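Next come two complexes built around chain A: one with chain B, the other with chain C.
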Partner chain A sequence: MNKKKRMFIRMITASLVRRRSRMIVALLAIMVGATILSGLGMIYYDVPRQMSSQFRSYGANVIIMPSGDGFIQEQALQTALGKFPDAELEGYTPYRYENTSIHNMPVTLAGINFDSIMKTSPYWHISGELPEQDGQTLVGAKVADKLSIKTGDSISAVNSFEVTDSTDTSRIPDYEIYTDPKTGEKHCDHALDLKVTGILDTGGSEEEYVYVSLGDTAYLSLADRGYDIVEISAAATQDKLSEYIDNINSSVRSVSAKLVKRVTASESSVLTKLQSLVFIVTAVVLILTMICVATTMTAVIAERRREIGLRKALGANNGSIVGQFLSEGLVLGGIGGILGALLGYAFAEIVSVNVFSSSIMFQPLLIPVTIASSVIVTGAACLIPIRSAVEVDPALVLKGE
Partner chain B sequence: MSLLELKNISKIYGDLHALDNVSLNIEKGEWIAIMGPSGSGKSTMMNIIGCLDRPSTGEVIFDGKDISKESRRRLTELHRDKIGLVFQQFHLINYLNAVENVMVAQYYHSMPDEKEALAALERVGLKDRAKHLPSQLSGGEQQRVCIARALINSPELILADEPTGNLDEANENIVLGIFRQLHKEGTSLIVVTHDPEVGEEAQRIVRLDHGKITSDRKNEGFKG
Partner chain C sequence: MFLRMVCGTFYRQWKKMLMIALTVALGASIATAMLNVMLGVGDKINEELKTYGSNITVVPQSESVISKLYELDEDVRYDYLKEESVNELLTIFWANNIVDFAPETDTTVTLDGNEVRLIGSWFNHHLEFIKKGTTYQRDTGLVNLRSWWDIKSGKWLDEQELNGTDYCMVGETLANEKKLSAGDTIRVKGEHGTKELEIVGIFESGDDEDKCIFTTVTAVQELTDTSGLIKKIEVSAITSPDDELAVKAAKNPSLLTGDEYDLWYCTAYVSSICFQIQEAVPEAAASAVRQIADSEGKILEKTELLMSLITLMSLIGATLGISNLVTSGVMERSQELALLKAVGAKNGQITRLVLTETILTAVVGAVAGYFMGYAFAQIIGQTVFNSSIEMNGMVAFIVAVLIVLVTLVGSIPAIRLVLRLRPSEVLHGGH
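What follows is the complex of A and B.
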């Protein structure tokens, strides 16, 4: 590096370091702008993920049903689930319904997987506990009310049917089979003893079922069959979900997948509005930042008109003066951009934790974008006052204009 | 041998004739004091001699060449290469230390050299204050830094505008001592002043009033 370049760097450094109080004001203006830009940018890009996650609390957004009269077989279900990227598949719950009776009243039993039910129905409110093993049950509030069932009760679900020659009795205890003395027909009251661990309260039709494990449903019905319906919760946009569904419907003939439009349409609508809002706010803040930075740089440069006059009197041409002041501005823009990009991440994290109750996903690309924007905005903001400053007549300035 | 010649120079601002048909010849190595009351046209003449301004009419011959019609860019190059400026208000860059302030003049002239800059400061008796910022220097010291900066590129002419106007007597004597030394070494000096004592140090005294030269005399008491 030659002596001239070294002197140039020495002057820039001295200006930035020894005029700290002035430079900090300019740096703050740039840094605040970069912080908002980086923060809002991160929120803008993370809103779809955050909103998608938020909307999962409204339950499943895809359902799979048998395409004909049959049931959904496990293999077909796994093939269908394979169409969702692992990262986006939050959870799924197969449902198998069986008619039964409890306290001699007809009741519909829903066999589900209790491990995954809160992924697809996170809005369920349970008084008591979710069952953890076979032999335990969760009773819908309407059924519980009708049959006076409380948490902690023991109940029996009974599957009554006529025993014929074709009935496979190997899975029925002998004591459950009896002969009607009047007709001489054999009957079976196949019972499933259940311990009530909780009462389900949703305000919807879910309260009309008694929930047991899929294993208990198979035991009570004495039949191994597929599922009636499968609910899926996936963290993806409406467009992506439609793509996965088309893929399932075209490749797995035995099932029919559908969007739960009530959830996905409102998610899509809210997402579009929210992203537009964040975009507008970001744009407005960026414009305000440019004005603020330009004003600050104008003030910083205006107070150095005498110095510019002196430099011209010492032989500086306009190019070298623009070069020096622009370099100072660009260094400030760079430092402000780096600090702002990091603070923006912290800002986005705070907003995300407070608004969405989850951490923001770091967007590495926004760091160079913020720094570059900051440098460009500061450079542009400096050019206007510098252009007027280089027009200064050294004779007038040195005379105390 | 003539260093600078003003031929029928006028500088007109609207109806005001700041300089009115002024002619002046300055020889190489000469020490001239330009004196006069406020508004007499001293500063206007200094700006024209210093190539910081152009006359409305007339010719400015510098080193045998008419520069009155030169572009601003050419004038800038000329005063950078040939003239060292000393100001009443010193005009040091406040965030650069003494040696850096001297090096700025080198930076725009040719190549900065800290050793040379330190030598220039030593010449004005400020080597030990080289790393001090202007705010850490007294008025006299700041003016000496300003002189060191004017000297650093070995100009043919030192142009000083009220160089002792902001100084006490002790510092005034130091500055005038430096000027005497420079004159001995053959540097041309033009000192604009309204202080008779400073004026009497020069070998030639030119008086201005209302834009005209009212007297131009050799200083019989010049100690050389």
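What follows is the complex of A and C.
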């Protein structure tokens, strides 16, 4: 038994080694098929994730608003943000609006966090620099146009109000308070001096605001309060986002989260299209390469009819011949599958780095699937020609017909 | 004699030749399908991205600057565009790239004591006009520009079906607040009179528009006494991603050299389309909505790159498959070729014979493959994008060159082997 087994193995290895060039041809065909399966498979699985982060250039896809008339408190915001998995949360920007006047014109000031703004509004075009600290400001193009503000200018935002006995004057410098000589009422022109570091151009309504840091809005309004609105950019599908939003709305009563439909609805439709495109392309290419593998194997076996005839003449039965050829096919399929799976991974990685400048997510399951399918395909491709090959009459073949 | 030998091969060995032709056909069909899909994917994805809404807005030119600078009397309406200017959009160079557009005008009205924004626009407007002997027509409106709207009850306002202009659609937030539903009639009071509007549908938009009422342009014009005037035009256009030239032109088109200017003008950059709109409507300022325009460019670029790399891989796959089969096909015939050698054929003659046969087979395969590839491309187009994929003439050329090259390269190892054959050994049966 043991001897028989050794003989069997020797026959297979010998045939693979002796018929090197032909085997390499077959191996190459299998390998190409396996590479395509594993490479495109990995890309198919990773396309939604990779593209999703590209779609983040549309900016925020979830907004949080206060549910009543109040404001969003930091604590409620953090609880709400906690509903998003860390890996999916790209960034969030709280907005706090204050009415003020610049050059005696009413202007709305938006207090934001400059560190995260490019995450939630990556489409902002800034001529100049994004502010980095308190006291610096980014002016919307419409406001800048109206008030003739340029980068580098110093402007002053003024919050005017009447000072009554209940006003907390501890945070107001003395020189800002004056008494109206006619009425005897005390007034305050609380000013915030700002240096314009850039002009914002978006083509949308964002150009109608003047952006300062959250600290500056608190200073100007003399009040620490929460935020008016929070923009969130999360790399997740529409279904997942809806799930998080329901979660937030049911657990954090003081805020109400909303999906920015315009962004999410279109994103999921484009992503689905793109993924099905890769899927169909993979399927078509795979079917064609499978046929390629099959034809190659048919050719390889067809030319060995003499060998089959000889073995039959020596007394081999059909079963052992089928067994030998099938094993050869399986060994080829296995080797081709392993090489192809690795090559495919390398290919997917190259594509991912070149297209998305990030590494591909390795799909461990695809490796065994690739190897298994290339073994199965090769096996199946061998079976058909072998079945007709074993039917040959040894005498005819050996005679040279 | 040569011809007879070639014909003989095809006659006797038709099975093997058929197999080579089949492989070449398969390879050629992959190449054709992938190249066509790759070249067409940009347009398709661009169309899909149009669901994000308008990427260009047209507003009256610097209304504030003019009126502030010259202190003109208030009766002149600087902050309006003429409604007919909308027509001009269809006359620009890139008119075919403009997918949808709709004028917009708005006003603040009082509804049950609350101030509400009333927006007038087109829903499914049929625009038709004649200019300089050419008839232009287009169906356009919010139905396409607000494709993300979720109609909660009722339906879209159908301008073609409804008579008159006193219909509206109400945002979900406002509808809930005022307990409104489709079929109700609301009474809105504007600066110049009141109007009764019948609610056709309630929509959810996910942004500020949920608090607004959308109605026809005429209804708003009547309420504000601004007949024939609009405040804004939203335009959704298919554009090419911005590159260096576009960035340079966006700063100031007059700084470009003549050639650069022509290239820029004749490329569908968002900036050149804006420029052409301004040329057609001089009193307007067209600007790109950065959020949409920039992102579209980015996603388009990534998709095209992704598809071209996948195509490259499929091409490599197809190439290897073909050269593989050609090689093994020739190898199989070693006996026959050795016999030729034994009867005195020279190496050159054999090489010529083999090459002619293989290339003839490949050509037949390639032609069949090209049409198979066409079918595959259409299957992909129909399944994924529900539209056919245009065939690019260049693809046929690329595929033809590729197939000939591949077949020749695929034959090299086989021919080398043939040349080394020693007739006696082969004919005797050894390998």
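We adopt the following convention: the second predicted complex is superposed on the first by the 395 of 401 C-alpha atoms of A that agree within 3 Å, B and C clash if a C-alpha of one lies under 4 Å from a C-alpha of the other, contacts with A are read in each partner's own complex, and residues count from 1 in each chain.
Definition applied: a residue touches a chain if its C-beta (ideal position, glycine included) is under 8 Å from a C-beta of that chain, and two chains touch if they have at least 3 such contacts.
Note that this is a predicted model, so its numbers are computed, not measured.
When the shared chain is aligned, no partner comes close enough to touch A:Glu176: not chain B, not chain C.
With both complexes placed on chain A, chain A has more residues touched by C than by the other of chain B and chain C.
Using the contact criterion defined above for the overlaid structures, shared-chain residue A:Ile43 touches chain C, although it does not reach chain B. In the overlay built on the shared chain, the residue A:Ser15 is in contact with chain B alone; chain C does not reach it. Using the contact criterion defined above for the overlaid structures, shared-chain residue A:Ala316 touches chain B, although it does not reach chain C.
By the touch criterion defined above, A:Asp134 lies against neither chain B nor chain C after alignment on the C-alpha atoms of chain A. Within the superposed three-chain model, A:Asp228 lies out of touch with both chain B and chain C [touch as defined at top].
When the two complexes are superposed on chain A, the residues of chain A that touch both chain B and chain C are 306, 400.
The part of chain A that touches chain C in the complex is made up of residues 21-22, 25, 28-29, 32-33, 35-36, 39-40, 43, 47, 51, 54-55, 57-59, 121-125, 145-146, 201-204, 258-266, 269-270, 273-274, 276-278, 280-281, 284-285, 288-289, 291-292, 295-296, 298-300, 302-303, 306, 347, 350-351, 354-356, 400.
Against chain A, the residues of chain B that register as touching in their complex are 43, 47, 50, 52-53, 73, 76-77, 79-81, 85, 87, 89, 91, 93, 95-97, 100, 103-109, 111-113, 133, 149. The touching residues of chain A, counted against chain B in their complex, run 2-4, 6-8, 10-11, 14-15, 18-19, 306-307, 310-317, 320, 393-395, 398-400. Across the interface of their complex, chain A is touched by residues 16, 19, 22-23, 26-27, 29-30, 33-34, 37, 41, 44-45, 48-49, 51-53, 56-57, 62, 64-65, 68, 147-150, 204-207, 287-295, 298-299, 302-303, 305-307, 309-310, 313-314, 316-318, 320-321, 324-325, 327-329, 331-332, 376, 379-380, 383-385, 413, 417, 429 of chain C.
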